[in-house]
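Next come two complexes built around chain A: one with chain B, the other with chain C.
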Partner chain A sequence: MINYIIRRLLNLIPIILGVAMVFFLIFNVIGGQEKYLYNLLPAKSRTAEQIDFYRSKYGLDRPFFVQYFDLVKQMVTFDFGKSETRKLPVSTLIKRHVPNSAKLTFPAFFFEIVISLTLASLAAYYRGSWLDRSLTVISVIGMSIPMLVLIMLGQQFLAYRLGLFPISGWVRGIGAVRYLVLPWILWCLVSIGYDIRFFRTTLLEEAHKDYVRTAKAKGLGSRTIMVRHILRNGMIPILTYVVMEIPFLLTGALLLERFFSIPGIGDLMVNSIASYDYPVLKATILVYTLFFVGFMLITDILYALVDPRVRLS
Partner chain B sequence: MKKLILVLSIICLSAAFTFAEGSAEGAAAMDKQLNRYVIAKLQPFDPADMTDLYTSQVYGDIGEALYAYNYLADTYVLKPEVAKSMPKVSADGLTYTIEMHNDIYYYDPLMEVFPKGKGRNVMAKDFVLSVKRLADPDTESGGWWLYEGYIKGLDDWAAAGADYSKEVEGFKAIGDYTIQLTLTKPYPQILYTFAMPFTYPVPQELIDYYGDEWKNYPIGSGAYYYDHAESIPGTKHVLRANPYWKAMKFPAASTAGPATTAKLGSAVLKEYEGKELPFCNTVVWNVIEESSVQWLKFLNGELDYSSIPKDNFDSTVIQNELTPAMTAKGITLDVNPTLDVTYHFFNMDHPILGQNTKLRQAMSMAYDHEKALEIFYNNTATNAQTLIPPGLGGYDPNYKNPYATYNLAKAKQLLAEAGYPDGKGLPTFKYQMYSTSSTTHRQMVEFYIENMSKIGIKVEAVAGDWPTFLERIDNHEVELGGVAWGADYPDAQNFLQLNYGPNAAPGPNSANYDNPKFNELYEKGAYMQQSPERDKLYAEAAQIAAEDVCWIMGVHRLSYALEHPWLKTRVFRDIGAGYSKYLDIDAEMRDAK
Partner chain C sequence: MSTTIATQVSGAGTVSEKKPNKYVGKSPLQLSILRLRRNRLAMVSFWILMVYVVISIAGNFNVFGLRTAAMEFSLDNRYVAPFQTWQHIFGTDNFGRDVFARVIMGTRVSLFLGAAAGLLMVPLAIAIGSLSGYYGGFVDDIMMYVMSVVVAIPALLIIMSLVQIMGRTFFIIALAFAVTGWVGLARVIRGSFMQAREYEYVLAARCLGAGDARIIFKHIMPNLFHFVIVRFVLNYVGVIKSEVLLAYLGLSVIGVPSWGNMIDESKLELMANNWQNMIAATLFMFVFLVALNIFGDSLRDALDPKLKNVINRVEN
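Entry: the complex of A and B
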């Protein structure tokens, strides 16, 4: 397993080179270079001398290959310098924003997974019953309503009209919970439909396998079969799904962060795109890549731990 | 199942208790807390780069300038702030001597730069530093254009490497509390720049202590200080009353103009006259980027005032009056003209557009100004006749631009006279967009194209974002484009410079308009002190450009703001900063709501 992990980590080299190349082609070669320059220049009045000065200062007059290797160096050392708009080290901004996103997404994700797994198990267990059919209808409705609509309805009715939650805001520490309850609920509402459907299908597939029939033949009760066998074996695709979602949790929930004024990483990334803040954009893209690759690796390792038939090679 | 229901119930109850507890905390903190907002995230607090309105507004409460605008006057009249008096100006208008107060102190809430919190006096050398930083290419200042070429020795100082140990002949401290300024040519507008956040003083000690990151630790001498513990960049900026602020009093009722008197009422003006500022001990600047959230927070009483989002306008204001539902809540409407102009420009370097006045006049008359006003501004603006907005010297209320009116028959006639009947022989012109994400901008461009097609002129939109727009303007590649300009200071010169020939792109003259007669009038007027004679010159210049039609005139926008009844002393100010100290609220009334 150690060899496998080392090999996977070495795979990071071509991945980072590839990410750097894609970023470079999009933002430096195809059309981003002058955008970056003009974002730095004052909008109301510029001079030709200023334009030349900025171009030289930020190395935009250097050959492309030099600029590319600069980018690779930044990605390898994770030294992206300072944000062009915030004038703070990019690493400080990332450290500041990731925990806020995590506070929003992890509890919501946890609640949502627990609820949807429970409901999916019930739906699978009572397949074809009114409960199953009702959950299917609710799932389809949940999947059909966009997050933006839910946010606006939630803020308008639950927060403003009923006064159950604050409309938006954020504070440091435990007090942030009161600003998070409504976003958590909205997150659950928007995700639960997909997850109930997925988990139910997974569990039903499992319920039709031979070992279930064997268990029934041995005289085990259907509740025991569900809890001890179907749920346990169904965990492999469910676990894969859950772990693969984690990088997305760390990269935040853009709409929720923006509408609820939560200073998370998703909002930081979108603002960096809007303001052509390339140092922040590069760093967030790299963080996203590393999270994604890292959790892919964790998924593979968990596979082996959960299912002894899987061998890492 | 039972266990699951139990767990979920506990989670919900915990959340409800947390929320209830939070609400009580919030209510307690509302005591004389002013709730304001900005609609974008703030930039770092560097005066030299104070180019965005929102950062300037917040920083204006923390810092102080040499001069500020009289709060109650209807027009923008400067008054001394850190300066003791208005400057002494030499007879040739080239030398200014500014005496400063010697009892204004910096306050460092973190007690890092100044360990006792109360710092040293604000001194002349601090203003010298701020102006030098504007000139230093390394600071990447967005305000250098205000001074470039005007201050003796400053351009050379910057070109020679910006050595801060070297004195600049034209801007120096004469003693601790006196500044002497020597200009290369008369520039009466320079006084306004000393009311802008660009020139707010920065103590050298702050830069030395924090190095590159000093811009995140604002230290000023203003009415408020920045509360780092409570502020969350990106969400809210909390300011507290500065305990060492050199107290000021609310202006005398006699300084109020008729519009301000009508808005606040004589009784309020008398009640507040001479009262010590600031009235609120806390100012919270909420960062709210979504207009729907801003609106709900205002309705919920979490903001003391608000603009009206476009989507809510029709349900809030009918025929310029608030709806009864709003009035019943005690909410009032405050409408004011803003100092700005919107326009569609022609690239005057274009071989066809730039050379054919009648063609441009035809296009201007094919543009339905009234309909644009209705569709895009809900009639909350006035159609511009020239580039000078109402309220500035040089604005002529009696002037009617003959080409800023919709007349298709006349437009077709002019087009024929231009040599292109029904648009025949003309190429397809390109309209450069500056945003692909703004629906309103896209609709405005489509409206323009549709209008031109009515006289047979083909225009196509070219997609692009803001930096692309600027880059193409600088390269003189934009054939047609549209943008707005807001006043930096209350002088028509700030608008006329947009048509001044030597200011062609990359300067602010995006149309690259160059008319010798206009240039002559501009140069003559720009060096004169404000006077009826200068206003006449400005008006004449503006009318020349208007009838040459280097722009299709847009509008001068109006500001529509709603105020809750507990907000007592708000006066609309389009220019300047640091007005929070004048605002008062009735906290009891707000809490009772």
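Entry: the complex of A and C
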């Protein structure tokens, strides 16, 4: 088992190098860095010396080969220098914003998975009933309305018109929960459509397998079969799906953070796009990527714990 | 064969005794189309989609002066309420532009964007998936590495950075979607190629002297085509929904109305009870996406070659 984990961790090294290559292509070859630099200097008053100064400061005058390794070094040490627009080291900014994002993301993610899994297993258990049919309609509606509209309507009605929740805001510490309740609810509304649909299909597929017939033949009750057999075996595809969903959830978090002014990493990122602040942009993308890769690693290890065949391959 | 003979005979003047079976002598594609046409829900969504296609093509020309109405400011007519005059059936927006005309023009942008992204994505995915699945070994290792790197970075972030750096033009946005969207399809194609290359029909083709290109494109690829179409539809849905997000970030196509741009503009109008922009764009998008989802599902069922025998058994 430890062997397997070590092997998986070593696999991360080429992935990180590849991610650095993508960053390099986008920011150094296509020209993000140059654009950043020109944006720092007002077009009317910039001189050739100033441009040269910044070019050498950001290493843009060096060969591509060296620039790439600079980038790798930045990514490994997580030292992206200083944000020119915010006048703070990038790592400080990231450190300040990540916990707020986590406060939004993890509880919402947890609630949403629990709710949709419960509803999906009910729909699969009572297949064809009014509950099943209305859940299908709800999930189709949820899938066909863009997230932005749902968030805007939610904020408009629940917070602004009805005054059930604060419209937006943020405080430090535990008091922030007051501002987080509505984003959590909206998060659940946004992603519940996809999840119910997928979980229901997976569970129904499981329900048609041979071992279910065997269990039924043994005389087990249908509720026992659902809980002890189908749900358990369905967990593997469900786990994969949940992990693959995380990048999409991140974009949802980004919108929610903007609308409810939660000072999280998505908020930081949108600001850095608007102000051409590429060091911060690079760092935020890296944070998202690491988060995602880390989750993939954890699921792989969980698989290996559950299913011994994975370890050997 | 039997059908052609029967028609020839009946054409010559004799009455054929047996009603010809309409499933004999049809290619798999024709059978799929037959299956699809019997699914009423699928046909309804198909015609809805066709209406959208016509609308988006009409948006390219200045039909009924729609383009002018969508683009021209008239500050005397700001926020005309919907369903008041025939001239502005959905009302007007902040700059007095006709919302109905804008939503029609927006259809054009969203539909063409989805199509362009898909058409760029599919060849890329087919090339990479088939090469790595068919040849295996070293080629496969490199391709798998590229895929795992592209997957590791959330797609939207790559799209955002690319559009931000290269400019907010239609082509760049479509390209950015294609560059990030090919991995799913390529994986499916790779997996199927790895299975298919062991099958007898591939061996038979090789024994007859078929080259690699012929085996890949003429023998294996037609069997995977339903994956391509289904992925194309899914990708379409994804692109249209992501366009709204890009618009919110100020990164959608510049200077023309699109559904995303309209929804984004409406975020400040809601406070003053001006819902027309948002509701029009959301409604048009909602109908389109529901139709596309239903049609995509039925298409997947209809195109799956394994179902072919089932229908024959039922009909015979």
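Things to note:
Convention: the second predicted complex is superposed on the first by the 289 of 313 C-alpha atoms of A that agree within 3 Å, B and C clash if a C-alpha of one lies under 4 Å from a C-alpha of the other, contacts with A are read in each partner's own complex, and residues count from 1 in each chain.
As a convention for this text, a contact is a pair of C-beta atoms (placed from the backbone, for glycine too) under 8 Å apart; a residue touches a chain by one contact, two chains touch by 3 or more.
Just so it is clear, the model here is predicted, and its values are computed rather than measured.
Once the two complexes are overlaid on the shared chain, A:Y241 sits clear of chain B and of chain C alike. Within the superposed three-chain model, A:G18 lies in touch with chain C and out of touch with chain B [touch as defined at top].
Once the two complexes are laid over each other on the shared chain, residue contacts for A:F78 go to neither chain B nor chain C. In the superposition on chain A, A:F106 makes contact with neither chain B nor chain C.
Of the two partners, chain B and chain C, it is B that touches more residues of chain A.
Judged by the touch definition given at the top, the superposed model places A:L37 against chain B, while chain C stays out of reach. In the overlay built on the shared chain, the residue A:F292 is in contact with chain C alone; chain B does not reach it.
Within the superposed three-chain model, A:R172 lies in touch with chain B and out of touch with chain C [touch as defined at top]. Applying the stated contact rule after C-alpha superposition, one finds that A:L281 touches chain C and leaves chain B untouched.
Of the two partner chains, chain C is the only one touched by A:V270; chain B is not.
Residues 31, 35, 152, 156, 160, 258, 276 of chain A lie in contact with chain B in one complex and with chain C in the other.
On chain C, the positions that touch chain A within their shared complex are 145-146, 148-150, 152-158, 160-162, 164-166, 241, 244-245, 248-251, 263-264, 266-267, 270-271, 278, 282, 285-286, 289-290, 293.
Considering their complex, residues 14-15, 18-19, 21-22, 26-27, 30-32, 35, 140-141, 143-149, 152, 156, 160, 247-248, 250-251, 255, 258, 269-270, 273-274, 276, 281, 285, 288-289, 292-293, 296 of chain A touch chain C. Contact residues of chain B toward chain A in the complex are 4, 8, 11, 15, 18-19, 21-23, 25-26, 41, 43-44, 46, 51, 137, 140-145, 148, 212-213, 215-216, 232-236, 286-290, 292-293, 296-297, 299-300, 302, 465-468, 470-471, 474, 488, 503, 506-508.
Here chain A touches chain B in the complex through residues 31, 34-48, 50-51, 53-54, 82, 85-88, 111, 114-115, 118, 152, 155-156, 159-160, 164-172, 174-175, 177-178, 181, 258-259, 261-263, 267-268, 271, 276, going by the rule given at the top.
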